[in-house]
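Going by the order they are written in, the chains are A, B, C and D; count residues from 1 in each one.
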Amino acid sequence: MTISELHVPRLTPARLVDRYAAVRRQTEKLCEPLETEDYVVSTMSDVSPTKWHLAHTSWFFETFVLAPFDASYLTLNPRYAFLFNSYYVQAGERHCRAQRGLVTRPTVAEVFAYRAYVDASMQRLIDRIANDTEHPALPVIELGLHHEQQHQELLLTDIKHVFWTNPLRPVYRAMSDRGRPTGDGFDWVSVPAGIYRIGHAGGGFSFDNESPAHRVFVDEFRMADRLVTNADYLAFIDDRGYHRPELWLSNGWSTVRASNWEAPIYWERTSDGWTEFTLAGQNALELDAPVTHVSFYEADAFARWAGARLPTEPEWEIAAANAPIDGPFVESENYHPAPASSPARDGDLRQLYGDVWQWTASAYTAYPGYTPAAGAIGEYNGKWMCDQWVLRGASCATPQSHARLTYRNFFPSDARWQFMGIRLAGAAKA
Amino acid sequence: MTISELHVPRLTPARLVDRYAAVRRQTEKLCEPLETEDYVVSTMSDVSPTKWHLAHTSWFFETFVLAPFDASYLTLNPRYAFLFNSYYVQAGERHCRAQRGLVTRPTVAEVFAYRAYVDASMQRLIDRIANDTEHPALPVIELGLHHEQQHQELLLTDIKHVFWTNPLRPVYRAMSDRGRPTGDGFDWVSVPAGIYRIGHAGGGFSFDNESPAHRVFVDEFRMADRLVTNADYLAFIDDRGYHRPELWLSNGWSTVRASNWEAPIYWERTSDGWTEFTLAGQNALELDAPVTHVSFYEADAFARWAGARLPTEPEWEIAAANAPIDGPFVESENYHPAPASSPARDGDLRQLYGDVWQWTASAYTAYPGYTPAAGAIGEYNGKWMCDQWVLRGASCATPQSHARLTYRNFFPSDARWQFMGIRLAGAAKA
Amino acid sequence: MTISELHVPRLTPARLVDRYAAVRRQTEKLCEPLETEDYVVSTMSDVSPTKWHLAHTSWFFETFVLAPFDASYLTLNPRYAFLFNSYYVQAGERHCRAQRGLVTRPTVAEVFAYRAYVDASMQRLIDRIANDTEHPALPVIELGLHHEQQHQELLLTDIKHVFWTNPLRPVYRAMSDRGRPTGDGFDWVSVPAGIYRIGHAGGGFSFDNESPAHRVFVDEFRMADRLVTNADYLAFIDDRGYHRPELWLSNGWSTVRASNWEAPIYWERTSDGWTEFTLAGQNALELDAPVTHVSFYEADAFARWAGARLPTEPEWEIAAANAPIDGPFVESENYHPAPASSPARDGDLRQLYGDVWQWTASAYTAYPGYTPAAGAIGEYNGKWMCDQWVLRGASCATPQSHARLTYRNFFPSDARWQFMGIRLAGAAKA
Amino acid sequence: MTISELHVPRLTPARLVDRYAAVRRQTEKLCEPLETEDYVVSTMSDVSPTKWHLAHTSWFFETFVLAPFDASYLTLNPRYAFLFNSYYVQAGERHCRAQRGLVTRPTVAEVFAYRAYVDASMQRLIDRIANDTEHPALPVIELGLHHEQQHQELLLTDIKHVFWTNPLRPVYRAMSDRGRPTGDGFDWVSVPAGIYRIGHAGGGFSFDNESPAHRVFVDEFRMADRLVTNADYLAFIDDRGYHRPELWLSNGWSTVRASNWEAPIYWERTSDGWTEFTLAGQNALELDAPVTHVSFYEADAFARWAGARLPTEPEWEIAAANAPIDGPFVESENYHPAPASSPARDGDLRQLYGDVWQWTASAYTAYPGYTPAAGAIGEYNGKWMCDQWVLRGASCATPQSHARLTYRNFFPSDARWQFMGIRLAGAAKA
């Protein structure tokens, strides 16, 4: 597969200019609540400094668009390629990930200047290729914008970890009212057995790991019509869920014991009851809101305790196939999942997108016939297909234009710092 | 599922007595080449001491058969339950795995006495329940025998690691002549698309993870009719396979760099060329023999380099469905994989069983509808379904009566000390 | 010993006000070349963030002066006591050292505001107790100022490590001309055997570890009249000093091998020869300048290679007893050791103070009769008397008013990030 | 210094033959209570397998005596030099210490055969050089015998750790009656200030680190006339000694917290009170016996709690200068320290030798003018002079002929597996 075969819709140049500007501006908007100091640090191996996110997303355009497609382009600083390459081995030597949070220069101001420089160069390039709808740079630009949207989500979850690590527990932004929760239970939605087609086909952008579309056989199953709530999860904790080895995978149990897990990462038990650290500060636990920041191990143990299981990724995609792509995305500016509203119609699945990514029971491996792109860009997804699980849906930190039915997110079994939650599934009712 | 629902054939008591004695005797026979000192140590976290294998397999019968089904049974030493429980959390406190190789008592002689004591007790129990073909102990005894056969294989691969760790490189047993290799290349065997049924159904023993039998849709594919040889693998090494990051999964590449891998674990480059440590000592590399002791990372990178891929486990089982269960098993007493013979008929798959376990592209997860047994025995397989890959077939260290079509072996991506090898697959020829 | 028994001269209140202001201002002056981002990070376990140094030195006055001696004092933020206590267990719970570089708030501006708040409170306290020359706060204030001067030196050596860790290698401040080196060799200065009195007695401030003054017997010895130079040290490197185990302590040799040491920490071999990273950037190695940033292991191995040894601390103090306390201190604003000038008179020791601290052959243990102060302040020095070596003199990062003959600096065997160098000694000439 | 300058008395050949045979036989006698399995393992990094001790002491004679002084000597197995060299870098490549406990071959029987082979060769050599009292091999043979005696002590303390690690807690040998304890308190013995000569001079064997004898000035001090008992130490524990940071060195406090120390290593609190694991099994704590298996950290904290301090090594040697070298050595076959008897005369120091090594407040550094021997043998003591403390006296595991006044034993601050105890000292009474 060549880059030009990426599943990318052709935008008109005018719309591409607008979209490029909007995505890039959104990244910077997310930085507005931050102090200069907040941009610098990495509080654990998964967390990158904000200024690294700002620079790395610019480096992506520089490396994969400007360098190959603009012969006149000169980099602002040749050392930046070393500092801001993440993991693209074929794109050259790079700075050690463990040291990202130790590098105080370039300063935040210099990084913003670097962004501006890349943006101006990109603007010129887009103008120049405006009339060539087959220009090979176009799909790479589209990929770069989706790449930047992924980093917008990481920027938020990373800064959440940075703020939580600080004993002063700073607030990123106060939460607005999110409407009335229903407080209801949930219903099962059933799907009959059959051969289904899953994966990306046809129009619109997708990452290479969503292809090729292909047939799967799935037996009859059912899926919960809403997410697991904090109240549901509390019942698991109160039933000694974190102290019953028979509920856990072996690695999960080892992790629970070694890390003294007693609750999701941002929960804290106080004399006034459970609280949860959010980007709006440390708040009383909201019982109707979806549980979030749980690992695969916890999702799996909870499901076992509940007498259910996690859905596989084909099941999730099949069940969600006809649902609209809406929900409380990052544009709602709450940065936290919201309680479910009442279902519009019987049998509708609620909270598919925009609250929390939903762990599936499917290991992240290649779709039959999957081939990554040639060259460094092919390292984007393929080389991570090992010891990770697929998550489906989207979260409150995902941009709406970034979400879609076939999206395959993936993280290791013990990751908890993303907005990750739980949807139950099970065999068809006897 | 209760234990009595395990997929276990009913043996007549007479045959069960014989089979029990044969399996137990075979374990001890494998110890004959060892010195007392060899039984004691653990050379890495995966390796258990021989005397631990001898005792643990006896503990299994004591805990899951004698304790529940023989009210008069008294254990030889109540501390043994602590020392020889492996990972059954629900069966009580247990000794730390990391310390298994530090415990010099009970002595080897005392461990053999423990075995004899358990065997005598088992003999009495089997005699007593001889006429009750529905007795609930019977399926557990059968499970215990298959459990013991798994440890026979581990005993050999563990002692191989112990001997290799020793700069004196002791010999376990000299290798006998293994016949003429063909030196041929290989052919592809094609299988058409369709819905297939895989997993264990019907007669004979199986582990719970092979169930339930279920339908899968598989697209047209092809599979190599023999294993990858040392000569094949040398071409990969000589083509700088261990130095080209684009061939590797990201975790695999990190492992290669961190561990300085340049070849399979037991290979050594000398001034006279490559040698390989075997249970018959350090020998010149046999070019026609299957490559063995490679990790999933290496199998996956090799396949990518070869322009192919690994088979999925449904593909392997579908392709092998009608093949006989034969090959050079442990009974051949060579303890090393053998070169392929010429195929009996065109289109026959060779070397399916008895040389090396074959890595598949399938992560080890539950079959749809899988439910482990209740209680401690349910920890046997289910709690390991995380961050491991399925291997299919059987190896030169597997007892013949232990191998079957639906067998799901599993190990993590970096494991190399088992007899693990590579079979290629690919999409149907264009 | 009570705090009031600390060896502290009585200053007039007016002079104390001036001295307090001068020391505090100097700390802030050292920060002028820094960007906000530079204040935040810790690049290894020994390095604290600049803003932590700024806050911790203020916390010291708050905790040991304002809290006990000003009943009306209210802290600016009660959480700061948790964040900025270093290691005083008896002063309460404290933030984990390993996380110092992960805390982005309080911001740099807030930390400066905290300093100003403490300074205003201290000003009021000093005014109030102006006429009471026996006030128990006075010796603690003096201790706090010397404590702050120690952190001034650490601030510089820590920021040097931060800048060196950055691939962009920022410059702190350009170096001014430092005059003509002599390029000469060195002479030995001999001292006869006898009973000598060492340690602090009489007037002026000292830390408790310099007391009590006491008698020692020392045999005849000689000491080099200047420091070991880069040229001297290059000869050791060129003679394969880092590759000859017989020159090294066993732990030193392990460290050399495990850390791949081939030169002092900030040296780098380029195609144009050796360079050295300084606070003025990466420069060509200055051959006449003292070697610096070597560990005890390297100092000891060099001395052995040179057929000499390091001086003991009694020897150093006895030999230096009548020398003036001058040299290129931090006030010279070069932040790097300078080549030796010609000796003023035959037999004068050169470079005793102000270039590099000098490793001695004496382990850091208590002087006979040593007793630390009661309470948290007693943790200042005493609890560190284990597995460290004494260094004598002072460095280019030491304030002149902080240096004195009896000063006992101390670091572990492998520490290299301070301005540490080598002076040779030996038995009397045969 | 050459090897022939080692402080070694000249033995007549006949006496040397006897002494060689006696020392070598004693090592093997210590092995009599062991099973073959016990010889193989290493239960922590400080512990070597018994069979390694047996082989290494033989390798010492082979390498430093037979190889240089017997041209006809052929080694039994050239790989043994690799396996059984401990830390003599200049003597060639050696096996990694961490793997000593993983090597099952040579077997125990083969190691005894190796010893017999070396002994026969040594016998021939000694016979040959019988009449040459100046033969350069003689001092090295004497050194080898003292080396072997050190390993006899290690063999016992190592096997004690091996047995204790085993949940079955095997018994090495039952303890015989050790007489009546006095149950008395203790007296102080005072020593006046002055210049004293310490270190080895004149006749008899000594290690190089005991030289040269030299003058030291010591102020008036006093030393306890018996060791600290278990009853004394229990008072420290009961006074929350392990939970009061102000009593501890900083590194000591970190170790206490990180390792959850609550008592000496072999103590265990049961429902019936404190017990202690000994080579005679797990016994009730004997209150009058000396506390043993405490680290320097614990000895130092105990002394501080008791309002005293540890003696320096000059103080210990000066105070003990005229005492006889007797006490319950290994020949008493109790392998555990004994309660003090009543003092023979007022002012006599009791328990100087033969119960436990006594921690001093002196770091292990070179005596003034110390020079190790040239070549590999010079690595014996000198390269360890870093981050260790001196212990004086001798223990219940020391051979009587191995003990002497000037002996400098040394271990790091956290070592506890040797028979290490506490004697208090202090300034002269006011």
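Definition applied: contacts are C-beta pairs under 8 Å (C-beta built on N, C-alpha and C of every residue); 3 or more make two chains touch, one makes a residue touch a chain.
In this text, all values refer to a predicted model and were calculated from it rather than measured experimentally.
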| item | value |
| --- | --- |
| Farthest chain relative to subunit C (centres taken as mean CA coordinates) | B |
| CA centroid of subunit C to CA centroid of subunit D, Å | 38 |
| Intercentroid distance (Cα basis), subunit D paired with subunit B, Å | 48 |
| Distance from subunit C to subunit B - Cα centre to Cα centre, in angstrom | 60 |
| Per-residue overlap in subunit C, given as positions that touch at least 2 other chains | none |
| Arrangement of touching chains [line / ring / star / complete / other] | ring |
| Touching pairs - complete list by chain label | A-B, A-C, B-D, C-D |
| Partner subunit A, residues of subunit B touching it in the complex | 87, 89-90, 195, 214-217, 219, 245-246, 248-253, 361-363, 365-366, 368-369, 378-379, 383-387, 412-413, 427 |
| Touch list for subunit D against partner subunit B, complex | 35-43, 51, 79, 82-83, 95, 99, 101-108, 162, 165-168, 170 |
